[in-house]
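Next come two complexes built around subunit A: one with subunit B, the other with subunit C.
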Partner chain A sequence: MTAEQTSPVLDVRGLVKHFPTGKRDQVVHAVNGVNFSIRPGETLGMVGESGSGKSTIGRTVLRLTEPTAGKIAFQGQEIAEMPMAACRPLRADMQMVFQDPWSALNPRMKVRDLIAEPLLLHTKMTRGERRDRTDELAGRVHLSTDFLTRYPSDLSGGQLQRVCIARAIATNPKLIILDEPTSSLDISVRAGILELLAEIKQQTEAAVLFISHDLGTVRLISDRIVVLYLGKIVEYADADAVFEDAAHPYTQSLMSAHLPANPKAEIRRHVLEGEVPSPIDMPSGCAFHTRCPVAIEDCRRTEPQLEAAGNNTHQAACLRILDGKNRID
Partner chain B sequence: MNLLQVRDLETHFISRDIDNRVRIAHALNGITFDVEEGEILGIVGETGAGKSLTAQSVVGLLRPPARIVGGQVRFEGRDLLTMSEDDLNAIRGNDIAMVVQNPRTSLDPLSRIGDQLIRIRRAHSESSEAEARSRAVEMMTAVGIPDPELRLSAWPHELSGGMAQRVLIAMALMNEPKLLIADEPTTGLDVTVQAQILELLRDLVTRMNMGAIIITHDLGVVANFCDRMAVMFAGGIVETGTVGDVFENPAHPYTSNLVDATPERLKIGRKAVFGGAPPDLYNLPDGCHHRDRCRFAREECSTPPPLREVGLKHVARCHFAGELPETAQ
Partner chain C sequence: MPSETTSMALREVTAEPEFSLWQRIIGLTRRSPTAAVGLGIILFFGMLALMAQYLMPHEPELVYAERVLHPPSSEHLFGTDGNGMDIFSRVIYGARFGFGIAIPAVVLALVIGIPVGLWTGYRGGMVDEALMRFFDGLRVFPSIILALAVVAATGQSLINVVIVLGVLDSPVFARVVRSEVLALRSSVFVESAIAAGNPTWRILFIHLLPNAIQGAMAQTAVRAAWAVRISATLAFLGIGIQAPTPEWGAMIRQGAEFMISGQWWVALFPGVALILLVLGLNMFGDGMQEILNPRSRAEK
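Here is the complex of A and B:
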C-alpha cells in the first residue's frame, strides 16, 4: 500500500488538554498524552464514550481550542505553538464537519454563498470560477442545484449536512475532521450521508479523522481505529482487528456493548460495572483499573503504555497483555 | 388473552389554519398490534412515523390538538379509550408504566429521588411510608444503582444520564406493572450504558413476566433485545413479525430499505436506496402511503394495500408482500 511509504499528513505527539474548573488546583483532564498519525488517503476512526476526549482532540488539532501541551505536526510543520495569524492560511488545508448542521451554518446566507465561502476566504478565484466550482461541489455531494438559492431553514438535516460536507471539501483540504457527522440525523438520511462520505473518501487523497460514538458507522468508514478512555488511547489498530480481536479489556467490553442490526449476531456481552470516573479526579495507574475485571494490584500503580499486541499494527495499553490475561471472557 | 390489544387506532391532529379552515393531520392511521406477557415488542421507524404518538395514545397522554378519533385499546380486556379518567389513573403508573426518553425532564427537580419513588407507590396502594421506602430500595437495587439507601436522598440533578434513566425504570417498576412502555429508553446514552439498561429491562421482563414495548429508531436495539417488531411508516404499521423473520425476510419494501440502511448491511455492499421526504400527513396520498418512496410501486398501489400474511404471525401491508424481487445488488 502506498499509504505506508508516504509521510503522515497529521502527526500528533503527547497531546494534552486540561480545562480549568474554576476551582484552584483543579482541572478537567480531557486529553492526557495522545499520540497518533494519519497518512494521506487514510481514515482514522476515533471512538469512546462521552467525556473520553474525542471531540476535544478534533478541535485541538485544528487549534479551535489551544492544547495544554504536546506537538501537532501538520504536513511536517509544527502548528501547536504557531501564532494564530500564521495558522490561519493553513486552515484551507484542514477542514471540519460538525455534528449539528443546523447550528454550523449561518441562517442568513444562501446555500450558494455558504458553499462558496471557503473559496472566497482561501482562494483567489473569480466570481465566475467560484460559481462553477459551487455547482460542481453541489453535484459531488448530490445536492440539487435548486437548493443553491435557498436558505438553510428550507433544507432538511441531511441536506444541510451535505452543504457542510461541500464546504469542507471546497478547498481540496489535506485533512478533514468529521465530528459525529451522522449522529444528529434521522435513520432515513443517515445511510445516504454515510455513502456520500465513503464516496468522498475514495475520491480524495485527504487524511480523514472520523470521530463517532456509533461503532457500526466507524467500522464502515475507517481504516484504522483509536479507542479512547478518559482522554488516553487504550487501543490503536486496524478497524477489523478492533472489532474482532480487541486486546484491551475496555475495548472488549465496548465492542460487546455494540448492538449490530442483526438478530443472528452472536454476542458475548461483558457489561461493565459502574460508571466512567470523573476526569477531574483521574484514577492512578491505568485509568480503567476501577472497572476492569482483570485488573491486578500493579494496574493501580503503573500507567501502561501503548505496546504491540499481536502484530506490528495492533497496539494496546494494558499491563495484562504481558502475561496473556487480558481477555475478560 | 393478550395483555394489550390495539385495534385500528387512529389519532389525528385537528387544528384550524389562519383562514379558520379545519386542518387534519392523519398522524396515526389504523394501528393494530398486540403485546403478550413476557415478551418485548420493538416499534421502529424514522422520525415522524408516529412511534411515540402510538405510546401516548395507548396510555391516554395526548394533548390537544391531538385526538383519538377511532379504534380500540384493550388492556386485559378493558377498553382504555372509553374509560373514565379516574379509572385510567388507577391503571397508569400502576399496571401500565412508562419510561420516556429524557430522564432529566421527567423527574421532579424539587423532590429527592426517594420521595418520588415513595410517592408513586403510595399513590396506588395502601402501603406505609416505611414499606414504600423498603420497596424503593429494593427496586433501586434491582436496576443496579449502587448505595441505594444513600441515593434515596439524592436530587435529580446529582445523577448522571444513565443513573437518571435507571431511577426512571425503578420508578416504573415500583408498582409491579404488567406492561412497561419504554419510549427511546437509551437514546443519547453511551453504548456501554445502553447495554446495561437494556440488559436490565430484558431481565426484568423475563423475571416478572411483564409485557414490554420498546420504541426505538435503532435496529440494533430491536435485533438484540426484542422478541417481535412492528415497523412504522407515516402513521401506519407496515410490517409485524418476529425479529428473526423480519430481519431475514423483510416483506415490505420500506422494511427492506430500513434494514439495508444499517452500517452492517452497507458494509456488505448493499446499496441503501432510502430516504426522501415522508408523505404529508395533512394530505396523504390515496392507496399505499409508501408509494412515492417505493421502487416497486405499480398501478395497483393507488388502491389501499391489504394486510398480507407472509409467514406465521408475520404480516405486511403491501400489495406485493413476499413477492418482491430480491433487492441485493
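Here is the complex of A and C:
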C-alpha cells in the first residue's frame, strides 16, 4: 500500500483563521488560506517562525479554536462546521501532544489516570483492561511503571512528555498532532523524545502533523514538509527536496540559517533584513516581498500561488521561479 | 530510551515523607499560631456538641420551678434562667445548634456556589455577567435584613434558617471559584482535556474543580463563623429558633431582659460561648487563608 493510493486522513482546504484584536476593523491574520493533506502513515512537518500560524493550524484542525473559513476533512468527514458536541467522539481518532508538558497535564491527576483518560472516555474497557493497557502504554513510551502512581509534579520534563505521548496514542488515533513536542525540553532529553516519536511513527499507521520551528528535528521525522510564512504556505515538498533544493527564497534563507551547528541561533537576521511584518497589517502581494532579496516590483502587487517547482510533488509560491531568479545566493 | 528514568530520580520521588497527625498539628502551630488556637477552640466546642449528653449536669430544658434566676452556684455553675433551667447545661447543648446550623449552611453554600462558579467562569459571556451582577446585588443588601425577611416569609424553622444562610452565602464561594476558573480556563491542561475528548461536565468537575477549590476551602471556616453569628442574631431577634430551645442567640435574647435587673449570668455565659466559637472559627479561617493563599490575606 503506497501513500499515493490511500485517501488522506486529513485534508485541509482554504483554511483561514483571523483573531480579533479588540479594535474595530482590525484582525490578526494568523492563517490565510492554507491547503494540505496527510495520508495514513505519513508525517507532515510544518515549519515557520513564531507567529507564522503553525500552532494555530494544529489547534484549528482539532477544533480547539474555531476556523474563520475553510474546509477540514477528517477521514472524509467535514468537521470545520460540525457542532462541538458532535466532534467529541471523533477525538478518539485525533489526538495532540502539546509543546509544554509541564502545563499540559492536570496537576491534580495521577499519571496513571492521565494516560488512561482517553481510554475511559472513548472505549468500553473495564477498569482492569484499562490498567493493563496503561501499563503497556507506559512500556511503549519507556516510562517506568513506578511513575504511574505519581503526580505530574514528581516527573521531569522528558518524563512528562512521555506521559503526554502515551496519552495521545492510547486510543490508536488516526491523526496525531505534535505541536513542538521537543522545543521546551533540554537538549539532552530532546534526543530521547525524538527517538521515541520516530519509533512510534514506525509502529502506527497514523497520520502525523509535526509542528516545529527546529529544522533539524523536522527533518528527522518528516516525510513531507510545509513551510509557512505569515500564515501562508510558501513551500510544500518532500523533506529531502526542501533541505537540498529549496525553491522559495524564504525557505532558502531558513536553510542557510540552519546550517551552523546551532540551528536556533538568530543568525537568520544576517540573512534576511528586517523583522517579520505584523500579521495585523499584512504586506500586499507576496507577504515575503518586504524582506526578500530577489523581490521585484510585481511581487508587491501579485500574490503568488503554490506552483510546481522542480518535480510535481515540489511546490512553491514565488513569482521569481518563473524567470528562474529565485536563488538568493 | 529510558535515560531519564534513572534509579536516582526514582529514589528522589519515593522519598516523600509521611506526616503523623501530631507532626501535622505541630506544623500548623508553627506556620500559623492563630490557626492552631482557632482550631483548638473549634475542637473544644465540637467536643461539647458531640458529648453534650455526658457533659451536661442537667437536662437543658428541665424546669426547676423553685430555682428561677438563681445566680451561679456549685449546683448550677452558670446559674439558672428565667424559666429555672440550668444555663451551664444549656450553653453546652447550644454548641449543637452552632455546628448544626453552620455546617449544613456552609455545605449548602458550597453545593450551590461551586457549580455556579465553575460554570460561569468556564463559559463566560452573558450568563456569567448576568449571574455575577445578580450576586453583586445580593451582596449589596445587608445579609441580616435579607435573612430576616426570607425567614419571616418562609416560616420559622431550623431548616429554613439553614437554607436561607446557605443560599445567601453561596455567592461568596461562586466568586472565589469563578476567579480561579477564569485564570485556569485558558491553560494548556484544559485545552489538553478538551482535545482528549472530555465532555464539559468532566472538564468542570474532574479537571477544573480540584485546581480551583483551594480558595473556596480557605473561606469555609470564615463563612461558618458568619453563619453561626447570623443564625444567633436571627434567634436573638426572635426569628427562626424560639425561646425555650437552648440556642445561644435565643438565650441571650431572654437574658437581655434581666441585664437591667442585675441577673447578668443569664446573657453573659451564652454570649461568651458565642463570641468564643465565632472567634475560633475566624482565627482558624484567617490562619488557613494565610497558609493556603498568601496573596489575598483574609479578605472578609
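Definition applied: the second predicted complex is superposed on the first by the 316 of 329 C-alpha atoms of A that agree within 3 Å, B and C clash if a C-alpha of one lies under 4 Å from a C-alpha of the other, contacts with A are read in each partner's own complex, and residues count from 1 in each chain.
In the analysis below, a residue touches a chain if its C-beta (ideal position, glycine included) is under 8 Å from a C-beta of that chain, and two chains touch if they have at least 3 such contacts.
These numbers come from a predicted model, not from an experiment.
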| item | value |
| --- | --- |
| Which superposed partner A:V189 touches (first subunit B, second subunit C, both, neither) | both |
| Partner chain(s) touched by A:H213 [first = subunit B, second = subunit C, both, neither] | first |
| Partner chain in contact with A:K124 - subunit B first, subunit C second, else both or neither | neither |
| First (subunit B), second (subunit C), both or neither touched by A:L272 | first |
| Partner chain in contact with A:S156 - subunit B first, subunit C second, else both or neither | both |
| Touched partner set for A:L143, first subunit B, second subunit C, both or neither | second |
| Partner chain(s) touched by A:K23 [first = subunit B, second = subunit C, both, neither] | neither |
| Subunit A positions touched by subunit B in one structure and by subunit C in the second | 156, 158, 188-189, 191-192, 195 |
| Footprint of subunit B on subunit A - complex, ascending | 49-50, 156, 158, 186-192, 194-195, 198, 213-217, 219-220, 253-254, 256-265, 267, 269, 271-272, 274-275 |
| Residues of subunit A touching subunit C in the complex | 59, 62, 64, 88-89, 91-92, 95-96, 98-100, 103-109, 117-118, 121-122, 142-144, 146-147, 150, 154-156, 158-159, 164, 167, 188-189, 191-192, 195-196 |
| For the subunit B and subunit A complex, residues of the former touching the latter | 46-47, 146, 160, 162-163, 190-196, 199, 217-225, 243-244, 247-248, 258-267, 271-272, 274-278 |
| Residues of subunit C defined as touching subunit A within the complex | 1-5, 9-10, 13-14, 187-189, 191-199, 202, 206-207, 210-211 |
